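Quick heads-up: structures coming right below.
Two complexes follow with chain A in common, the first pairing it with chain B and the second with chain C.
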Partner chain A sequence: METVLEVKDLCVTYQNKSRSVYAVKDVSFSINQGDSLGIVGESGSGKSTLAMAILRLLPPKTAKVTGEAYFQGKELLTLDDASLREIRWKHLAVVFQKAMNALSPVHRISTQIEDIYRQHEPKATRQEIRQRSQELFQMVGLPDRVYRLYPHEMSGGMLQRVAIAISLLHSPQLLIFDEATTALDVVTQGQILEEVVRLEKALNTTRIMITHDMSVVSASCTKTAVMYAGQMMEIGQTRDVLKRPMHPYTQGLLHSFPTLTGERKTLESIPGSLPDLSVEHAGCVFAPRCPFATDRCHAKRPAARQMEDGRTVACWRYGGESDG
Partner chain B sequence: MAENQAFIEIDNITKWFPHKDKKLLHIGQEKQWVKAVDAVSLQIRRGEILGIIGESGCGKSTLGKLLTRLEEPTSGDVRIGGVSTRELIRRDPKQFRRKVQIVFQNPLDTFTPRDTIEKILMRPLRLHHIGKDDAQRREICLKGLENGGLRPAEDIMSRYPHELSGGQLQRISIIRAMFLEPSFIIADEPVSMLDVSVRADIIRMLQEMSRERNAAVAFISHDIALTRYISDRIAVMYLGKIVEYGDADDVIGNPKHPYTKALISNCSSIDPEEEQEHIKIQGEPPTPVNPGPGCYFAPRCYKACDACFKKYPDAADFPNGHYAVCNRTADN
Partner chain C sequence: MTKYVIRRIFSGLLTALIVFTLNFIIIKAAPGDPIKTLMGKDTNDPVLRAALEEKWGLNEPEYVQYFNYLTNALRGDLGTSIIYNQSVASMIGSRWGPTVLLGLVAAILALLIGTFLGIFAAQHEGGIMDGLFSMVSYALDAMPPFWLGLMLMIVFASRLGWLPTNGMTDVRAGYTGFAYVLDVARHMVLPCLTLTLVSIPGYFRIAKSSVLQVSNEDFITTLRATGMSERKIFDKYIFRNAILPTITLFGITMAFLITGITLIEIVFSWPGMGRLTMTAINQRDYPALMGIYLVVAICVSVVMIIVDIVYALFDPRIRYD
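Coming up: the complex of A and B.
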């Protein structure tokens, strides 16, 4: 299978006059064509920063990005502006959490769609664009009249569908959803997720889904990555990671989710809180909150290590020494 | 009071808001109302947690405000221990505010940003004359924080709200409510702003309040799995009305109302191997402007028949006090 995106040792540090705080540290992963990767983590784990860095949307003055990110062989992080414009939306699209903020409140949806479409197809006629959006609206389950509406005339669920439809305008190879379904109601979220999975199969797109909700990942992603304090803790097939979590943090997260069926297991919190990310941690970043932590965990950071089932775990309990 | 007797009685409570029409002229037009909460009757026993679930805009937060009398109901009443809250609040507002506590969604908005945690925690104690002097009140605060897992308590006391995390603040707002030994607590989405790994603590504190101090708790949430976890009983709301009510396991495990079924079927499980069939319902909940006369859910319902559009259905009863307000529960 073809690799769509390969990220190597990506680090993001936010800087101001007095100090620097790292948000993402040494993250490496790759996604193949047709895969869907869910990145889960709590607030402050750096999952959104990671996506913004890949999309080159971080302010260059305050955020320092190092590492490499190859998108279809092109290095995204060093690409010049013109080539970046070429890729954005055509090959690489993003849907943000709040579609109401992503759309202009003073233009009709039609105007906004035409605008975006002409970025890459300057000669497109109105009819062409209209037809294309009609197709897309149908795919995401929107009535046709939406085309003539202003954003304030629609509900949150409809706007989110519009945002998804717009992201698909040029059939991008890679779609990034940054908490795209979080603000929606249960029923709408369930239906949109189903649509997205179906569309993906039909169009053979690749997706990165950033969320804090494990159930969203479980319902819609083939691979799962768990982030904590800017670092990748565990990444692998969703059924492996969620059914048999190996990293203590993944286990802790899963213990704090109640289930809808079966007996009510006691929910457990992970004691403590996120470490201070402005200082360098010698050991594993999760060690202060980890129930299994030993002296070694506090002394040295474990390297990511590949397991037999293909997943990668960064924990001393599973080696952590080899591979680097 | 006997264990099984209802402690909180919500009796046909209704809240209508005037609907602002966008048109300039509405002479001769009848005034329109948004029925945010429409004839809701529920009961909560002492030591019981009632979960209220529904989508955004279904009126669950308005119901919470009605219970605390932060909103005056259009009609109907809430009785605590047999006495109307209208009467209670007229007789002794301070005592009423002490016995009925509410925990809001966003802990950062709950606290005065310019006060330290010490000031925030001491104020209710002073107002209600709990503790002999400030030194003793300080002791109570420190003990409360320690018990709530906020250590070092001395350090926390000197901080400002913005210096603490959302989880810590929410714990403080529950601790503050607990100081006053309330007999009725309304928790309006208390954990939806918090990270999953710290939710469990908040949930445990609420459960302790209900079990150990025998308080009645109304837990308002849109998170169905979490509500099932914490609640003894669950009420499902749709457009201001209760559509289904019963024991938590009955309602979630064996839902009778088509709306409840759709809600539950659209909840993703964290088990990736669990195959789910999503029940599709059209559109999103409309604004409750003059709904009816039929079942409010009928326009979106996948089971609706002609009768559903004509008359608001009666409740169909099932064992254990479980009921669903629907015509079509029989052919499931």
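Coming up: the complex of A and C.
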């Protein structure tokens, strides 16, 4: 299968005069065409920063990005502006968390769609764009009249659908959802996720879903990546990661979510809180909160190891010895 | 939109009527008896009193007096000044032009310059020019307008002699036509400059902060992600959203200018409403004051209506219909 996106050793450091914050550190992963990757983690774990870095949307003055991100063979992080603009939205689109703010409040939906569409099809007529929008609106379950409305005339759920429809304007190969359904109620979220999965199959798009909600991942993603404090803890097939989590952090995260069908038991939280990201940690970044932590965990960072079922785990408990 | 405009005009009319009524009540409640003043301190002849009350309509019940005043005002008759024995309407008529001219020119100049500099500072945030503009803006904000006016007068009129010190025209020259326009323009430079300079900081700061705020909105990030050029994003999306607070500020400033221009007019002997107001207050010229307040209130309402309509044109969220 063709690899759509390959990220190697991506680091993002937010810098100001007095200190640096290592928001994302040495993250590597790849995603194949047709896959959907859910990136989960607590607030502040760097998952949104990771997405923004791949999209090249971080402010260059304050965020230093290193590493490589190959999208269809092109290295995104060093791409010149013109080529980048050529890729943006046509091949690589994004839907943000706050749909309420994702559209300009003083322009009609039609105006904004026309402007965005003409970015890559400068000669497109109004009728053409209108027709394309109608198709997409139908796909995401929006009525026709939305086209003529202003954002404040719609509900949050409708706006989220509009944002998703807009992201699909040029049928991009890769779609990034940054907490795109977090602000919605579970019913609407469920509907939208169902539509997204259906659309994906129809259009053969690849998706990265950034969320802190395990249920979103289990409902809509084929692969799951778990991030903690800016680092990848575990990546693998969703069924493997969620059914048999290997990394202690993943286990802890899953223990803090209730199941509908399982037996009744007390939910456990992970003791402690996120480490200070403005200092570099010598050992495993999760060690201070890990119930299995040993001296080695505190002293040296475990490398990511590939397991038999194809997943990757960064933990000393799983065959770190040979790493020396 | 039409519905909104109609409703807005109606509420403006209502404001004017309320001001008119309050005006009437305040003057009625003020101490002193106009008939006593007219008769003189030592006269107390009931026949004379009755005749005077008859003449001025003060023998009528209060509500009749109110409606008389209202119908007269609607016909453009605002009464007669006690001090100058002139019709108040004609006194105001010859004075409102210079005030509106000065106020409007200063407001528009401040709006354009302040907003332009604010946008520039926001686009170069943290740069040298941003720091410089911000510093100058704070300095100007801290200066009393009349003091700034006097300083400018000392430098440009007295020392350098480039510009006239006071008035609106050179009365001895008696210019006509284009020469007259030029003469007024020359006289207007200093008062207008003073008013513009003190109004710039407000526009500067509001433009800078709202451009910065809108630039950080999610929809701007989204537009960036669509590959739209920074220029287009700014020209179409940031500007249109960031200009809204400036429109509001313009309305507030206009209302302030119409009333608060007084000191500048006195400093520069500008023959406007401000000086008329000052004189009327000093001489307890009640009919003149009532007339002035009414005209000012109507001016402010009209400006507010216009600003509200312009705002609604820019911001669809305001047109709640």
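Everything that follows uses one rule, which is that the second predicted complex is superposed on the first by the 318 of 324 C-alpha atoms of A that agree within 3 Å, B and C clash if a C-alpha of one lies under 4 Å from a C-alpha of the other, contacts with A are read in each partner's own complex, and residues count from 1 in each chain.
One rule holds in what follows: contacts are C-beta pairs under 8 Å (C-beta built on N, C-alpha and C of every residue); 3 or more make two chains touch, one makes a residue touch a chain.
Remember, predicted model here, so these are calculated numbers, not experimental data.
Of the two partner chains placed by superposition, A:Gln138 touches none, neither chain B nor chain C.
Of the two partner chains, neither chain B nor chain C is touched by A:Thr62.
Contacts of A:Glu86 after superposition on the shared chain: chain C is touched, whereas chain B is not. Of the two partner chains, chain C is the only one touched by A:Phe96; chain B is not. Using the contact criterion defined above for the overlaid structures, shared-chain residue A:Gln189 touches chain B, although it does not reach chain C.
Shared-chain residue A:His152: touches chain C; no touch with chain B.
Looking at chain A, you'll find no residue that touches chain B in one structure and chain C in the other.
On chain C, the positions that touch chain A within their shared complex are 217-219, 221-229, 232, 236-237, 240-241, 244, 314-317.
Partner chain C is touched in their complex by these residues of chain A: 55, 57, 84-90, 93-94, 96-98, 101-108, 115-116, 119-120, 150, 152, 163. Residues 42-43, 155, 157-158, 185-191, 193-194, 212-216, 218-220, 238-239, 242-243, 252-254, 256-261, 264, 267-271, 273-274 of chain A touch chain B in their complex. In the complex of the two chains, the chain B residues touching chain A come out as 55-56, 149, 165, 167-168, 195-201, 203-204, 222, 224-226, 228-229, 252-253, 262-273, 276, 278, 280-281, 284-285.
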